[in-house]
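Got a structure here, written out as structure tokens. Questions coming.
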Amino acid sequence: MSILNNSRFVWSRVSQLDVRHHVGEETATLIYRAVLIVLIALVLAFATAAFSAAPNLLNVLRQASLMFLLASGLTLVILSGGFDLSIAANLTLSACLAAGVMKTGGSPILAAATALSCSTLIGLLNGLAVTLLRLPPFLATYGMLWVVQGLAFHYMGGNEIYGFPTAFRTLGTGFLGGIPLPVYMMVFVLIGATIVTGGLNFGREIYAIGANSEVARLSGIPVRRRKIAVYTISGLMSGIAALVYLARVNAADSAMGEPLLLPVIAAILIGGTSLFGGAGSLLGTLSGCVILALVIDGMNLLNLNANWQPLVIGSVLLIAVLADVLGRGRKERIG
Amino acid sequence: MEASVERVSVVRTRRPVPSIVATSAVLAVAAMLGVPGFASSGNVTNIGLQVSILLIIAMPMTLVILSEGLDLSVGALLSLCAVVFAQTLGLGWGMALALGASVAVGMLTGLFNGALIAKLGLPPFVVTLGTLGIAHGIALVLTDGNAVVVGNPSVAQLYAWTILGIPFPVIFALLAYALTHLLLYHTRFGTYVFAIGGNRDALLLAGIKAKAFHIAIYVFGGLMVGLAALVLVGRMNSAEPASAIGMEFDAIAAVVLGGTSFERGEGWLFGTVMGVVTIGVLRNALNLLGIESSLQVVSVGILVLLVVVIDSVRKSRVNGAKA
Amino acid sequence: METTIPTAAVPLLELRKICKSFPGVRALTDVDLQLYSGEVHMLLGENGAGKSSLMKVLFGAYRADSGEFFSDGRPITIESPADAKRLGIAVIFQEFSLVPHLSIAQNIYLGREPRNRFGLVDHRKMHLDARAALEELGLAYDTHAYAADLGVAQQQMVEIAKALSHRARVLVMDEPTAAISDREAEALFHVVRKLRGSGVAIVYISHRMKEVFDLGDRVTVLRDGRLVQSMLATAATPDELIAMMVGRSVGTVYKRQYFGEPGKVALDVRQLTTATGVRGVDLQVRCGEIVGLSGLVGAGRTEVVRAVFGADPIQTGHVTVFGEAVTGGPHKVAAMGVGLIPENRKQEGLALKRSVHENLLTASLWKLFPRGWYQAEKARSATKALIDSLRIAPGDPSKSARVLSGGNQQKIVIGKWLSAGCRLFIFDEPTRGIDIGAKTEIFNLIENLIKDGAAVLLISSELAEIVHVCDRAYVMREGVVSGELPRESLSEQNILRLAMHGS
């Protein structure tokens, strides 16, 4: 009996520590993520000396930036209550096309234009499939995933393309003031995306649609138009990520995007964006990307067999989903 | 009184024949006429062999989709079960135990999926996406990324065995169809699958524990995947950790082609069989024409899109007429 | 007036002094009901009178707060659907309990499929039994037909067969003829009479006077959750029944103050027809007036306003708002200055997940920020002003909308449109599920709207509301406007008379 009373006492004390009572829900989420990042970093710093070396930390940032470029578009789509499974395949195809253009003598600018047009078109098609054909998002984008992947396989014919102009490669490998360029891009995208979600009517409408698309529609928001827009933006971001990734690894093959899909989804979920739409932020996604980048870096540094990595990522994804759903409770999901 | 009141009698409504019947017929005829070498008996056997595994896993996928779910982990799980099967054989444990191990792994994963989806209510596509990664990961860890070569010759022999000229894998697949048909149309479990997808409240009102049956659907899937591993290993005489990844796409495509819908518990098991055969025919024809596998995938995707659009147009026309 | 059946039998089922309350609402107070074997017992009352609550208590979906139950004279309890089932009480649901892609036989025997010695479903026996169950009702359906292919009337018949196969002794039917044709209704009546003949007690909720007198043996009228009277059908007249149903107390707490001259035409509807059941509706609303749209549930009122708002497509007819034709979806119509406060507040009016602040802004983003640049500060002060002027409680804008009371939630929905510069407000059952104090506030709010020159179209099933709040009212019945009542003739009796079928 007394044990029960004691633990209840302790629990009430602990719950008073819960930051949520004092700060807003969103800010609390970010604080928790920040704490998690620091914790993981500390653990890794302890575990291996190589972690704290500047080149490694910059590498982590670079990896996180790349993931964030890809994740930012998907975050917007998920915020609006949708989903896009095709982002990785989109990245692959766009990067391969860009590589092909450069290999046949085209300028990096032309390559970039090709990649971006292709990726945006794919996004647009996804948007149309979901709004006009009324296909469930995961299904439509799942089909798109395979079609795009198939096209990429066909285009590459099982080969690799490597060796791109230095000017292009700086996009992925360059530094500016000691900080990798992709990080600047990430910051740029973060600022841009935060302006969109927090400073534009469009962003507020996306949240409204994600929370309850019928209420949004009956409040005068042009839901279809907005949904097409977010899928198109997601496509565009996949293209941008494709270019940065291509520049970084200096090679293109038809499987390059595939290992990014699960970590990106896990990052978004860990970052606090709800699968059901209407809640989440890009800063949260960024923190999720940093966490995933740290986890992947840790696995590499600790010489974890590469074969273990999909297992770890898969488990992380499931844990993130569980945390998202259970944390919100049944009522809020249906909300 | 009786005479003045019209006896409202209903004749079984002739349901519109699903487009898959026409599609598969058209495709088969086109292939026979247009593709050299297609119509030979050797090639037909080839198609049968090629689709046997797909048929086995498309059977439970039909049930999953009928219950308004989805299972993306099937391909990775199949690879994992194949690895387990091959490795158990390698330990000298004999075919029966190896198959048992494979089935056990499959059913456990199915239980895991089912528990998260049915009991916790998590969205199926994300859960099975995670399970995909985990299954793939475990397969990689177990094999260290390499293929597991099978020393025991009985597996390959079984694969090559024919009864009355029909290869064992085809018979095995047909047995899988028979079993699933029995389950779906002749047991309470099957009835409840339709109800879970069509009107779950009806089950609850009738006092049935829908959750348990919902989980059972995924466990059944795991069972079939575990059995399919036998055929997969027989075909390649080895097991690779990523060999079957991507098969889930064909399985889902076959189910959708066959007329099973993602909502309302509407579907047709034999339609899935026809869908599997159609995909097999399509891929085989494209193969013979020298079109590579990646474009085959694109073709399958486009075919599914066409059939989905046609079916939905036909449906809206029927509904318009009704109203 | 005779109040009991002459043959002194013991009631099959008896309820005494049943009470049921919810926070803020007394659904049932001291209600008595006696059901005799072999009778069709009509249950009458306007919306909110307690019929649905009584039905749910009978069925075990609600547990009564107090009161007694007797079955064949023996005291019993009904605390769960399983209890009700055991007692042989069955309710005919229209949509809830058929699985679309299973056959009729499978649906009837769902959960208790007969099995053969292999443990497999015995299809032959199941279909035989199903056919027998249908034949008892005089039906000759093909038991292999899928439920999805049946019309509403036929689905209802299957539901009845299903209930009977559970050996139901009491059958509750809620407006069974609402969605079916006259011919199908005849078939239903035939079945009902057959059931009565075999000793089943049927509780029949209906709003059609003709049915009440054609089919009913006895009638019970409820009002405000209380029993008014139970009597033989032969002992009552339609006018007496209507008089018993009306007379709510809203008039004592709210008195409409302002009666100005109506201004220009805000909404003009001509011959509106939709696929959702509206069959040629004409109506008009001017600025400065509150026009009521009354009628019974299912009359088509919500369908009319949804079409006006662009939420459902218009088949034929014209809808003009402030002189402009309505041609598109809600986003176009809202931009013309129209706002819809939907019936289903929690799923269509506001997003429960989001905060008060966010909900208030949903419709007015482009009004406040025409260039598209959202400014959090300006938004915050705008919603704070709204919260203050509407007195939304609690006043914290960051609170989730879910925790607010029904009345305050409704204020949010109204406020959402206020800040959007709405000039035509369409209310669909605005005070449903709201306690009397909050109702008055809402009425005052609505009055202020028209004082400012807006136009209001108000749908309500509560007759007193229409009478005490509106300038004039249209009454709808089965998809058309059955009459228009100017202020002088605006009375509950008149509304009900126009609303009920064949009275």
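Should a chain be cited, it is by its letter among A, B and C, assigned in written order, with residues numbered from 1 in that chain.
As a working rule, a residue touches a chain if its C-beta (ideal position, glycine included) is under 8 Å from a C-beta of that chain, and two chains touch if they have at least 3 such contacts.
Given the structure is predicted, the values throughout are model-derived calculations rather than measurements.
Participant: Using the contact definition given at the top, which chains are in touch with both chain A and chain C?
Facilitator: Touching chain A and chain C alike, sorted by label: B.
Participant: Taking each chain's centre as the mean of its CA atoms, which one is most distant from chain A?
Facilitator: C
Participant: Return the distance between the CA-based centres of chain B and chain C, expressed in whole Å.
Facilitator: Inter-chain centre distance comes to 44 Å.
Participant: From the C-alpha centre of chain A to that of chain B, how far is it in Å?
Facilitator: Chain centres of chain A and chain B, defined by C-alpha means, are spaced 31 Å apart.
Participant: Note which residues of chain C are touching chain A in the complex, please.
Facilitator: 309, 311, 329-331, 333-335, 340, 342, 347-354, 358, 361-363, 365-366, 369, 372-376, 398, 402, 416, 420
Participant: Can you check the complex and tell me which residues of chain B touch chain C?
Facilitator: Spelled out, the residues of chain B in touch with chain C are 1-2, 5-13, 15, 182, 186-188, 191, 194-195, 198-199, 201-203, 205-208, 264-267, 323.
Participant: Any idea which chain C residues touch chain B in the complex?
Facilitator: The touching residues are 81-82, 96-102, 106-107, 110-113, 115, 119-121, 123, 138-142, 144-146, 148-150, 153-154, 157, 183-184, 186-187, 190, 275.
Participant: Can you check the complex and tell me which residues of chain A touch chain C?
Facilitator: Within the complex, chain A touches chain C at residues 24, 198-205, 207-208, 211-212, 214-222, 278-279, 331-332, 335.
Participant: If you look only at chain B, which of its residues touch chain A in the complex?
Facilitator: Listed in rising order, the residues are 70, 72, 116, 120-123, 125-127, 129-138, 140-141, 143-145, 246, 249, 252, 262, 292-298, 300-302, 304-305, 308-309, 312.
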